[in-house]
Amino acid sequence: MTAGKVAILMGSDSDLEIMKEAADVLNEFQVDCDIQVLSAHRSPELVSEFASKARDNGYRVIICGAGGAAHLAGVVAAHTTLPVIGVPMNSTPLGGFDSLLATVQMPAGIPVATVAVGKPGARNAGILAVQMLALADAGLAKKLSEFKSKLTESVREKNKKLQAQVKSR
Amino acid sequence: MTAGKVAILMGSDSDLEIMKEAADVLNEFQVDCDIQVLSAHRSPELVSEFASKARDNGYRVIICGAGGAAHLAGVVAAHTTLPVIGVPMNSTPLGGFDSLLATVQMPAGIPVATVAVGKPGARNAGILAVQMLALADAGLAKKLSEFKSKLTESVREKNKKLQAQVKSR
Amino acid sequence: MTAGKVAILMGSDSDLEIMKEAADVLNEFQVDCDIQVLSAHRSPELVSEFASKARDNGYRVIICGAGGAAHLAGVVAAHTTLPVIGVPMNSTPLGGFDSLLATVQMPAGIPVATVAVGKPGARNAGILAVQMLALADAGLAKKLSEFKSKLTESVREKNKKLQAQVKSR
Amino acid sequence: MTAGKVAILMGSDSDLEIMKEAADVLNEFQVDCDIQVLSAHRSPELVSEFASKARDNGYRVIICGAGGAAHLAGVVAAHTTLPVIGVPMNSTPLGGFDSLLATVQMPAGIPVATVAVGKPGARNAGILAVQMLALADAGLAKKLSEFKSKLTESVREKNKKLQAQVKSR
Amino acid sequence: MTAGKVAILMGSDSDLEIMKEAADVLNEFQVDCDIQVLSAHRSPELVSEFASKARDNGYRVIICGAGGAAHLAGVVAAHTTLPVIGVPMNSTPLGGFDSLLATVQMPAGIPVATVAVGKPGARNAGILAVQMLALADAGLAKKLSEFKSKLTESVREKNKKLQAQVKSR
Amino acid sequence: MTAGKVAILMGSDSDLEIMKEAADVLNEFQVDCDIQVLSAHRSPELVSEFASKARDNGYRVIICGAGGAAHLAGVVAAHTTLPVIGVPMNSTPLGGFDSLLATVQMPAGIPVATVAVGKPGARNAGILAVQMLALADAGLAKKLSEFKSKLTESVREKNKKLQAQVKSR
Amino acid sequence: MTAGKVAILMGSDSDLEIMKEAADVLNEFQVDCDIQVLSAHRSPELVSEFASKARDNGYRVIICGAGGAAHLAGVVAAHTTLPVIGVPMNSTPLGGFDSLLATVQMPAGIPVATVAVGKPGARNAGILAVQMLALADAGLAKKLSEFKSKLTESVREKNKKLQAQVKSR
Amino acid sequence: MTAGKVAILMGSDSDLEIMKEAADVLNEFQVDCDIQVLSAHRSPELVSEFASKARDNGYRVIICGAGGAAHLAGVVAAHTTLPVIGVPMNSTPLGGFDSLLATVQMPAGIPVATVAVGKPGARNAGILAVQMLALADAGLAKKLSEFKSKLTESVREKNKKLQAQVKSR
């Protein structure tokens, strides 16, 4: 495991299925991470305490997933100077428009690095955290490079399969 | 002035022009109110401290105006059991859709009483606060009744003027 | 049961599954409540009669759930000076955007305290009603305080379970 | 003037500039019309009284213009079996999406014939009313036919001008 | 059957399930109606021919249901001076926003009386057509009055059932 | 001038300022073009006649600009097998969402090649028409290649200016 | 097979079910086509290489299907002067609004011919490509004419069936 | 100046007024930065070349501002493993919804850290870049801490002024 630890927070335990995508990526890159249920609205003190002490407790990046009036990432960002990544959840009838806007439209001074709604966003939150940590970790940077090559390779493979499939018709 | 005090909080001093509509209504009803700039993101401790002590400090209702990823009302609601009224501001290019959704879509457990975007919302926040206080104040209830009659009367007046105007053409 | 009675109105009996969330909360807090089917469009006189007499009939807060061009809360608010809470329903293909906007965008003079679309909104409508009643009921205020502590406790419990689950992997 | 009278109602006198488009069209067709300020929220009894008696008072069609949580047309439709035409106004920061959805998404049983947001809608409301009255008035039907021919003619004229303009460059 | 005939057109036979709601209402009111598949895009000449001759062929009102870039109602309205009612269908991933806007936002000169998206809209299209025909048919007007009373009665019945249900708990 | 002629149609003469962007591009590429005011709703026969005969009259591509319930491109596409390009106009309070959806969401069988809302879209409509004509015109294809190089060159130039500007601070 | 070859690119192999609609149409018209998985984000060099050489490799039109932040069509268009057709996919919780806007709102200079979201769009992309190729292929133009007649004929058939069905009730 | 260099790219020189907010913040923190006009669509090779070599050329974070179908951040992210921050511009009639969705909805594998639309977003992009660089730079981390304190202090100051202003009335 590397030195930089990443926190993954989520507003509700029902977000776990989505948010473990972030944890999975961090594990693939052998980056240490915690995953916690912490609600900006139901347990505000726990959130502000966690966020305020995060840097001193060894965290380097904080990933927050929340739905609806998704305030978790913004509240965490208000209490820390660590980079905060927000993953909007699609957990209301409004299709994720609510959580996306509530996460990304932060006022000047307090940024939240927002990624896509739902699963691809959770996975990308993990990768983005690795990219940040890799700024000071040449080993991670190399792994990212290999990861990127594999992405391209997998597209190439899928295309080959498709061509084979098409020809065999 | 009545016993119940109302707090009017706003995320930025540029919201004053809108939010003083709430103060004006409260003044019309002779309800005591404070108006303060407190940002959920730039001054989170001030917000949580204010909200946590609001009941003990004599506040009965808290009105919060904020734009963009409008978290102020939600954060205040997280720290108090007083009724919290949220006024979405139209202060970004997204026309108020962001602040409306970020204010109203609160998770189960922590309500925010949301009103319309902008000026009519700010005015209605004041009236709604009076309606709440009037639950335990027969004098206020009577004033609300008179206020409502005047609303109807003003429509009647405007209609009369319109009829006169139309006839004189 | 406490003195303050709450009315829960809904535009259609198909809204019952959602709106009983409000009734359940009120029951938890031992606040007396009625639940009625009353349509702003199909039975307008029933609605205006109910709303006009609500205060005299002992109601203190009126909760209204409706979908589509959701006018119920606004029409009720037009006929009473009691606080009116609107719960937008997700009952058309437009995902609740229609009922949310038709409920919240009230003109200056006639507020509707709007909560989230669907179930969380219905539950929060109940809590908001309790918060209003608690302004004049120290017992209710204490219960709200305990309720809020339990919310935090339940997040703490869920987090513990998650940590145990994560470690046992 | 023809026998069929049309009522033009609007929620606020600030809607007059838009709603007189409807009156202008009706005047062009020599259809008798009234124009009135009547708010569904500020003067609900006036609205329900007007709507309930409209048929007996000789009205044949009712045109309603309103913005925001535009309930006027729906409330009128709830109290009459005359055809009701709704004109959504663009009078809030939400660009008319609120008034459009609040006007058009009526529940089964109570239709509102909704037209476009703003001026073109107000003008079309007048034409639609004429089309309805023309069902029983051959003279009006003939005028509509001539009106339609003139529309085509005016396009033809504009095109000619454009061609002249283009050639003269 | 009454003298006034109503045409129900739809862009695709897959719209039948929704659009027969309009036919059902017209049958309830014993108003004669035709139902036809006619696409503004796939069979434009059939549409313009039908619309151009509709008045001469005895039609009084034309109801058009279409989804996506829903042009059917607008194209029909371009070829007739009869009142045209548009029913937006929810048949694409965009949830009916596309068909609603493509139906309602007609330019000045050519109105389409737009109703709600989907089934309630189709049913209301039928009722609106009856309301138009009733302008010259006292019998229909009386039936509409009875129909409206039954709507109120059915709400009253549903409320009674709900009260019984609640008490028996 | 080349053999392939392009028609530029617009629903209203107020669209000229935007739509001449398309004409300007075609002139730059020395492609012959006509520009005409033709409304799908106000002059439907002119539109269907124009579209039906367009191929025989030597047109190769038809560009259509319209706002609101923008049916022009779809109606033209219904009457021709030539490629039809749709330019959504921003001419209503709904910001172009209405014209975009009314233009692009065509049903299977009748495509409209839709470009961006407003000026950039009108300009791109012209370029897209040139790209189509260039499929059978090597000279045009070469010009397109040069045009593309100039686009890159202009970015390079702007960047140089910016660098100079930055340094001189 | 005709001389003009069409490329069908898609961002992910999960898009195949939708995008083969385009291939099916091209096969119906006996237009040669390739179908390939190429991601603008995961395999950018493959995309730019493919697009840059497409004209020299005999392609005449490029169809690109992608979801979410759908950049594929735009990136391809940036590297070629061939006409590029974009098919927005509905593959995220935002219902296709994201892919539609990310595909159609191209800046001046680089058009993407955008069609409807999902299956009808994919089918129309194929037809649009045929329309472009038919500009220089009288045989294809004739086939398009027959295709269009069949579309009308199929509507006529469906209408006949419906009439029979209605009468037999 | 610190070791970590930040690139600020923008799709058009008209974005400079907004994007210099990012440069201003970086200057405040004495972080070295370049600002460049590079269009994903008009100069794709310049973009891919810049992005591919950015790490080797000493850049640590890349900030990209673009409007409409905003592909710049995504295309840059496709060519580098450095963290990429996307700033959606409000430069079309669609109010920034297009650029926001086109920037944030990236597929799994290629994250873009998206911030708010327009000026606050540009400023926050700068701060977010500093937060990333501060992960390996204790001096920067300390400056961020002071910056955060000043934000709170400025809210406190604004509140004091407001209180004075209110009292002096």
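Just so it is clear, A, B, C, D, E, F, G and H label the chains in written order, and each chain counts residues from 1 on its own.
The criterion applied here is as follows: contacts are C-beta pairs under 8 Å (C-beta built on N, C-alpha and C of every residue); 3 or more make two chains touch, one makes a residue touch a chain.
The model shown is predicted, which means the values in this text are computed figures rather than measured ones.
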* In this assembly, which chains make contact with chain B and also with chain E? -> C, D
* With residue numbers as the basis of comparison, which of the pairs B-D, A-G or A-H duplicates the interface of B-C in over half of its contact pairs? -> A-H
* Asked: Using the average of all C-alpha atoms in each chain as its centre, how far is it in Å between chain A and chain D?
  -> 51
* Asked: How big is the gap, in whole Å, between where the Cα atoms of chain F centre and where those of chain H centre?
  -> 34
* Asked: Centre to centre, by mean C-alpha position, how many angstrom separate chain E and chain F?
  -> 35
* **Junction residues of chain G - those touching two or more other chains** => 12, 39, 42, 45, 68-69, 92, 94-95, 97, 100, 104-107, 109-110, 112, 116-117, 120, 151
* Structure fact -> Chain-chain contacts, ordered by label, are A-B, A-C, A-G, A-H, B-C, B-D, B-H, C-D, C-E, D-E, D-F, E-F, E-G, F-G, F-H, G-H
* Asked: Where on chain F does chain H make contact in their complex?
  -> 90, 95-97, 100, 116-118, 120, 151-152, 154-156, 158-159, 161-163, 166
* Spell out the residues on chain H that touch chain A in their complex, using ranges where they run on. => 4, 21, 55, 60-61, 81-83, 85, 100, 104-117, 119-120, 123-125, 127-128, 131-136, 141, 144-145, 147-148, 151
* Which part of chain D faces chain C closely enough to touch in the complex? -> 11-12, 39-42, 44-45, 48, 67-71, 74-75, 77-79, 92, 94, 97-99, 101-107, 109-110, 112
* Structure fact -> Per the touch rule, the chain G residues reaching chain A in their complex are 12-13, 16, 35-39, 42-43, 45-46, 68-69, 92-95
